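After this come two complexes, each holding chain A, first together with chain B and then together with chain C.
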Partner chain A sequence: MAEHKTASPAKSDAAQSAGNGHAQTNGSTVAPPYRVIGTRPVRHDGADKVTGRAVYGADLQLPGMLYGAILRSPHAHARIKSIDTSAAEQMPGVLAVATARDLPNLKDKVANLGEGAVNLAHLGANVLAHDKALYKGHAVAAVAAVNIHVAEAALAKIRVDYEPLTAVTWVLDAMQPGAPILHPDLRTDELGEPGAGNTNISTHLHFEQGDPDKAFGQADVVIEREYRTATVHQGYIEPHVSTALWNNDGHLTIWTATQGSFTARQQTAELLQIPLSQVTVVPCEIGGGFGGKIPVYLEPVAALLSRKCGRPVKLIMNRADVFEGTGPTPGSFVRVKLGAKKDGRIVAAEAYLAYDAGAYPGGMIGPGCMCVFSCYDIPNARVDGYDVCLNKPKTAAYRAPGATQAAFACESVVDELAEKLGIDPIELRLKNAAKEGTRRVDGPVYDRVGLVETLEAARNTPHWKSKLEGKNRGRGIACGFWFNIGLKSSVSAHVNFDGTVTLLEGSTDIGGSRTSIAMQLAETLGIKAEEVIPRVVDTDSVGYTDVTGGSRVTFATGLAAYHAGLDIIAQMRQRAALVWECKVEEVEFDAGTFRHKKQSLTFRELAGKLHQTGGAIVGRASVDPEGATNGFAVQIADVEVDPDTGKTTILRWTIVQDAGRAIHPSYVEGQMQGGAVQGIGWALNEEYLYDDKSRMTNASYLDYRMPTALDLPMIETVIVEVPNPAHPYGVRGVGEVPICAPPATLANAIYRATGVRMRELPMSPPRVWAALAAKK
Partner chain B sequence: MRGTTKYGSCWKVAAQNRPPRSFYYSLSASTRKATALQDFSYAAATTIDEAVSLLSAGGDRARVLAGGTDIIVQLREGLRSADLVVDVKKIPELMALDFDPARGLLLGAAVPCYRLYDDERIAAAYPALVDSARIIGGWQIQGRASIGGNLCNSSPAADSIPSLIALGATCRIAGPAGTREVPVAEFCTAPGRNCLARGEFLVSLVLPAPRGGSAYLRFIPRNEMDIAVVGVGAWVELDPSGQKIADARIALAAVAPTPVVAAEAGKSLVGQPASEASFKAAGEAAKKVARPITDRRGPADYRTHLVGVLTQRVLATAVERAKSKK
Partner chain C sequence: MSKRIHVSTTINGAPTEFLCEARQSLLEVLRDTLRLTGSKEGCGNGNCGACTVLLDGVPVDSCLVLAVEAEGADITTVEGLAHDTRLHPLQQCFLEGAALQCGICTPGFLVTAKALLDRNPKPTEHKIRFQLSGNLCRCTGYDKIVRAVQEAAKALDGNGRAEKKAAAKPRAAAH
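Then we have the complex of A and B:
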């Protein structure tokens, strides 16, 4: 990592870059002189994490705690005719058994979970199957016992009478008339109107602007291609784990690994039909989520078991449970058609996207449709999207959910367009790049965005300027877009009498956000990052905060910290006025010092006087911002393909991304590298494999092949800074967009190395070999 | 509708006397049954006789423990079960490592991999075996995992077995009826099965005095953390001119229910120039003995193709090593 610690923020206003660098671009003004923002302090939770002291969900031990286990469906699709739990219940050491019968009737109930409405009946049936098991690994019953051995033995005594049904796992198959139907009551939401007849298509979305048909007629070149992507999993290292205690007073406490403690609380309360305030969610440290730890799986089940036996119950998944029973991200079929003029101007675009929803409606098709063409200014465009139920686990968000599949298709066609028109791929993208004022096909008009600057910085990288030589080698480039979100965040912060500030926040920390939020508060207060003590607290200890997702936390929770800082300063000025016996308006504050005429007090000095001037100060803020947080990243790859085995070796990789403002550059670089690596895994080897009964056959890290350190070069990073006008420090989200471009980047590189266009993910060795053999 | 092969989950083993278990390689998630290690008794034998009597008494419910990098994982995941686990690492013969350039190598069955590549003389004498020892897991695994365990686990994809076969290794087996010797090439009988009878266990592997050059190569989609899609081990001896092949043995992994000898491929090289053309022809011959299946590690046609590619490559390395020794 050392080589990434090189560049401090360049004080130039031009888009410029170094190998691993930092290019600032904010139009004409020079970057403001920050004292904390842009530095790289040691993370607040660093010592706990590297010494193994941090408490993760699995570390939790409570007095009298029981261990739970979950029985999962061996069938991909089956009617559950009956479940007999009596033998399990009678086993010594078994204290509770739960099935879907223990959940309240949730029919026709809908809950708003911050990121959209959720059908509670579906959510409940996903947690414990009702009348049907819809995927292999679907939870069917649960047991709590004195130890895990007894719990597992009890599972073996539960008799489930299944009637196996034909299953379907490929999205286009599931859309066919005559396909096995998952939900007899499902009707397609056809642009807002319910469709007629049985179907697996839950939603049809349509976006359109301009006159695509006419524009295609006027284009000089039209290219239309089809793309397929496999189901992939987020692959967080920590399996799901939850412990619940339903206390005698009726209060339910849940310790869990979640991306959103408030969302987990609400989902659990709604599923159990109890008041929100009856549930406290305590977020433990979390070993990755990437979108997959937003839905609840274990929380309500542990609660049901605890209610039955009155003792705390811990449920832990193993790796196979995680693959088979939690949300992967959609497999997809995407068709993209682009029309361009000879000079490279893209005039027309059309896309058809069909995405897995998984077992229940509500997958990632919406964002897929919103992202597919969003790197470009295309006046005439049409997008049709389909959300399709099939016999896989209910899909969950995964880092820019839905965008990567779409980018793979669109950016591959753009590359073909560049080749056909004889235009450099970066020049072609620059010619069409979305900018301030561009209207996306799904409606929004961009505020200030940084794609042009990012492409220019990519063109200036040593990587792009270098020459790639050698047999079977090729270089690819592609762009990625993700819109990022705002949503609600609350913080409160109290000033300690020693001049430090304790910051209470509800955003669970997955990517170093404790530090990047603390740094924004420190900057606002004019103190050091180390003088802020950030704490992620439970749902009773801070105001409502939405999930850690959508690349929103540094932006939105950071904004809340900024406002809490302003609140603290306002209160501190009152105290200073008391000390100096002047008017509040006469107290000035700048860079951590309060002043009145010749007198001054540092933040710390004034904090030492709070005792005598009225006691503690608590600042607070709750925000729900709108904002142009859109993220763009451009990635460059050099590869070598072994023509005899089809194996792709990555020789060099660079990611260039607009961060708006990099609060803690190391964590921005970490997000860029992590996202790129996940995109590389998705591109090259990751996929759910199924047997002829639609059962996953590779539910382990041995055969679900995520890249290891030995499969990757050091990922070079270049941070571009085009500040977001909607944030006081210019922050844009950075966490998600880096995953979008890698599959197309690699497909384009593999084409240049081999002459073969790969249009299906993963581009695994056997597939590339087969494609090379077909070419011969 | 989709242009891909559906990958099946396990080897199709021809009907046998004993019911074939759907057991390909240990860490098969699709057959995983449990998450918690079940109770079993543990005994550490200090002599061969003690181990034989413990294993005889335990029968089907007793299992040998060497490095434990297969068996512990399998017990934990419910892929195998046992009432008694007999640790053999305290038996001196099992930990022996004796090399004599004139007589050969005596490799105790429980000697961990690292001791092979840490010994420069052994590494120079049996490079194929050391190629294998270096890629079985990472450093932590190699500090425990033994070649004997790799062989007795009897996975068709085991990385050391083609090397042992190519190097002409023999198994020394102890049992209630005394000791017997079996060539490694005849040891495995089916995925996860071998010729050890009740009460028998592997004491050591005996390799003939080193001659010629050898190499092992596997193909995996990543660069670590994978089980061989195909593995090929080769041994060659050059004639006095150093230009022609005097003798050769080739063995394959992961293309049949057991590791297999590519006898014709080896024979085809005898008397041939040590050239790419001969290696390629041997690769074609080796492909004929491959009977791979399509599973999560790769499609059958691809595996057959890889046998040709890897045989050619591994022969080039083996010949290069043979030449450098002259």
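Then we have the complex of A and C:
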């Protein structure tokens, strides 16, 4: 195991020397002598991004381009009786108007989109509402015009006759008999069997192992608690944007901000019922996604408009559209019950989870069930999960989708258990920590995982060892888990005659992955990171690649780059054999140098001879690695709670996480810090607020309060490295785990500071103040 | 379409004239008319700071400024931070410190931070956080952004002369 540490502000010099490379090891698995992996080169797209030259979706301008706008439902639930677009169509400057009537009628066809499946009929109705609007902000019609102002004026001329219906936005209300029904044809998938009668519950999942009832009976301590979490949004700063050109030859090109150009192509082609090959998706630079830019919203609508007018059409959402019309993450109700022996061994667990699906079935309940007890080795457990439709936007993935709500509940109960048993919270977790061979309640048995090492590293942090003093202050700790995924990635790479290698990849780069993938190819080839030129290309220019999601890109696309590197080396050895007139088996390759007897050629020297030995070399690989790579993080928070206002101030924060292997430690730290802070926002402030007609009332950054620089201290990081045996460099994937623990970490810290257990998110000042007042 | 108005400004040191409608924001004109797309629109109502530009040296949300208000003004956008091929120390420190992930908020942060360092060459961490609190970043958790501004302050050394030094000799990567 190796550890990277970053600094607390006061110790930056010391930490900098320790923080570079693999300085600290405990001897159990010493990192191989990598030359590129573990270093911190400047990212390849860096200059473009600090000079404003990088082209994001909104920056694109095409000759003859029109601007579109979308009319959205003002009602949370309404029947659409008619839509009259004639006045808008006649407006000067308007070139096209589209409604759901322009979309093909799709049966219930399910498309697999990598990190989750989608029912195309639902996706189509979400893109443009058919007969019902199911949430405020639901798209109803679209206009293309010569500029955005004309387009917006035209929207005001579209007359929609709505019949408002009663709406429901709290998950437990939506499950009640007699609740307003969103989809009259929906029947609960009850453990594989269709249920009887109208319902909003689309799915009931059930997992069980051992004998939980018997085990609870034998437990010395049993604690059962209920938790509620509000709907929150991914909050990426770049609004959704898509530009479509339906060319005269029938070919559709879409420039868009997407986490998955291939899945965006598939969704669009299926929704429009045209062949995949008729669509090219060009991924622009993307301004954040966190799971929210996997579904299509604008792509098919821009395409419909372009088909009608024969010109490129750009659609951009405004911020309110993003909040009201794109996938937030589920609000939830979770009940967790744990039973333990006096010595702290957790012997039984039970969870009930009800999650918002949003307007259409298929939310994040699956991963919620998978993750609720995933940190612990609990032989007897039972989990029931419910996916519930209600009048909110269709939920989308948000960084470890479904896991944070579950972790908030489980890790809060674990903290209560530790208190009741009088055991240190890290000790209790170590006693029960999942390890190699642990069977999770939903079935998978862990390969080598790093939770024990991560907990031990947390215990050794200066933060945990420090003393926290002062009134109204408390320290909390919690664990988080995300399974991480593999999925499909393709790359090709060609060797340039100057010894550099151009790497073509399909993974859209949302936070520096060009560099983490390029570094793995450079390591494989024995060249420098800067000698690889990574390019994220369109769907016609590289093989199928799944979404940038599931913390999979550095793992799976990195794996593809590794294999492409091996392919290149094999071909280069053949060329060396030609040069040296020897057998290819006699050519050795090590650390960027080809050798035969006393002769040697560096990678660059041999690249210079490709012209004379047969021309260019192209390496390629396509991978679909098995299995999950299972990441864990432990977070520690010191807080001070103002008893007069209920405001929680974070005094100090540390995140400790198993990265498997940190390819570029700075960007691993960045994922840890950014994920932790999103979790902090979720915990303390962020929530969708609704009026009495179930309409969102805070669809702006002013009223939907995300953390600012002033709300936070430095976020200290410790990277633990327990290499993943399923990856040549040990990569696990790091992006999602860090968001899971912060709500429980903060709830536990607030309890230590105030004596009050907060069981509802967000733990905003009014809510904490009310809880403090109730305690008095 | 309403009548267009003639506006004369200086943008990134170059005298620049444009025609705009009265209702157009400075951001819209910068991006759509002048094709200076480095300034980003994240919210359109002054809450995210991604469109920050300097108006006569003062950082403003250009989505909240009408283009006609720019008459006679000296405007600096992110495109004006680098000199020739040399990056501004802030840009260099953002790169070396990995202070960006998706990069959409980066132009706004760079411009806001420049305004801070122009006026206060040795800001405390708190002052940096206060000054940057009008700029939202959803990726980084701000840690590496704040550190990059601290590093840039050191590189600038209070007199701006370090600009050449920083460009000529890239320092070892920070965190």
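Basically, the second predicted complex is superposed on the first by the 742 of 776 C-alpha atoms of A that agree within 3 Å, B and C clash if a C-alpha of one lies under 4 Å from a C-alpha of the other, contacts with A are read in each partner's own complex, and residues count from 1 in each chain.
Keep this in mind: a contact is a pair of C-beta atoms (placed from the backbone, for glycine too) under 8 Å apart; a residue touches a chain by one contact, two chains touch by 3 or more.
Computed from a prediction, not measured in an experiment: that's the story for all the values here.
> Just to be sure I read the superposition right, which of the two partners does A:Arg228 touch: chain B = first, chain C = second, or both, or neither?
first
> Looking at chain A, which partner touches more of its residues: chain C or chain B?
Higher number of touched chain A residues: C.
> Looking at the overlay, what does A:Ala570 touch: chain B (first), chain C (second), both, or neither?
In the superposition, A:Ala570 contacts neither chain B nor chain C.
> Considering only the touch criterion stated at the top, classify A:Gly670 as touching first (chain B), second (chain C), both, or neither.
After superposing on A, A:Gly670 lies in contact with chain C but is clear of chain B.
> Who does A:Leu689 touch here: chain B (first), chain C (second), both, or neither?
Only chain B; A:Leu689 stays clear of chain C.
> If we overlay the two complexes on their shared chain A, which of chain B and chain C does A:Arg319 touch? Say first, second, both or neither.
Both partners, chain B and chain C.
> So in the superposed three-chain picture, is A:Ala591 touching just chain B, just chain C, both, or none of them (first/second/both/neither)?
In the superposed model, A:Ala591 contacts neither chain B nor chain C.
> For A:Ala117, is the partner it touches chain B (first), chain C (second), both, or none of the two (neither)?
A:Ala117 sits against neither chain B nor chain C.
> Looking at the overlay, what does A:Glu285 touch: chain B (first), chain C (second), both, or neither?
Only chain C; A:Glu285 stays clear of chain B.
> A:Thr697 in the overlay: touching chain B, chain C, both, or neither? Say first, second, both or neither.
First partner only.
> Once the two structures are fitted together, what part of chain A is touched by chain B and by chain C alike?
The overlap between the chain B and chain C interfaces on chain A comprises residues 149, 316, 318-319, 700-702, 707-708, 710-711.
> Note which residues of chain A are touching chain C in the complex, please.
The contact residues of chain A facing chain C are 6-7, 9, 12, 15-16, 19-20, 39-43, 45-47, 49-56, 58-59, 61, 93, 149-150, 234-239, 285-290, 316, 318-319, 510-512, 664, 666-667, 669-671, 673-678, 700-702, 706-712, 714-715.
> Spell out the residues on chain C that touch chain A in their complex, using ranges where they run on.
On the chain C side, the touching residues are 1, 21, 23, 31-32, 35-45, 47-48, 50, 77-79, 81-82, 87, 91, 94-98, 100-107, 110, 125, 128-130, 132-147, 170, 172-175.
> Mind listing the chain B positions that touch chain A in their complex?
On the chain B side, the touching residues are 1-4, 6-9, 27-30, 32, 34-36, 38-39, 219, 221-227, 295-299, 302, 305-306, 309.
> Hey, which residues of chain A end up touching chain B in the complex?
69, 148-149, 152, 170, 172-173, 228, 316, 318-320, 323, 644-645, 647, 684-685, 689-692, 695-703, 705, 707-708, 710-711, 760, 764-767, 769-770
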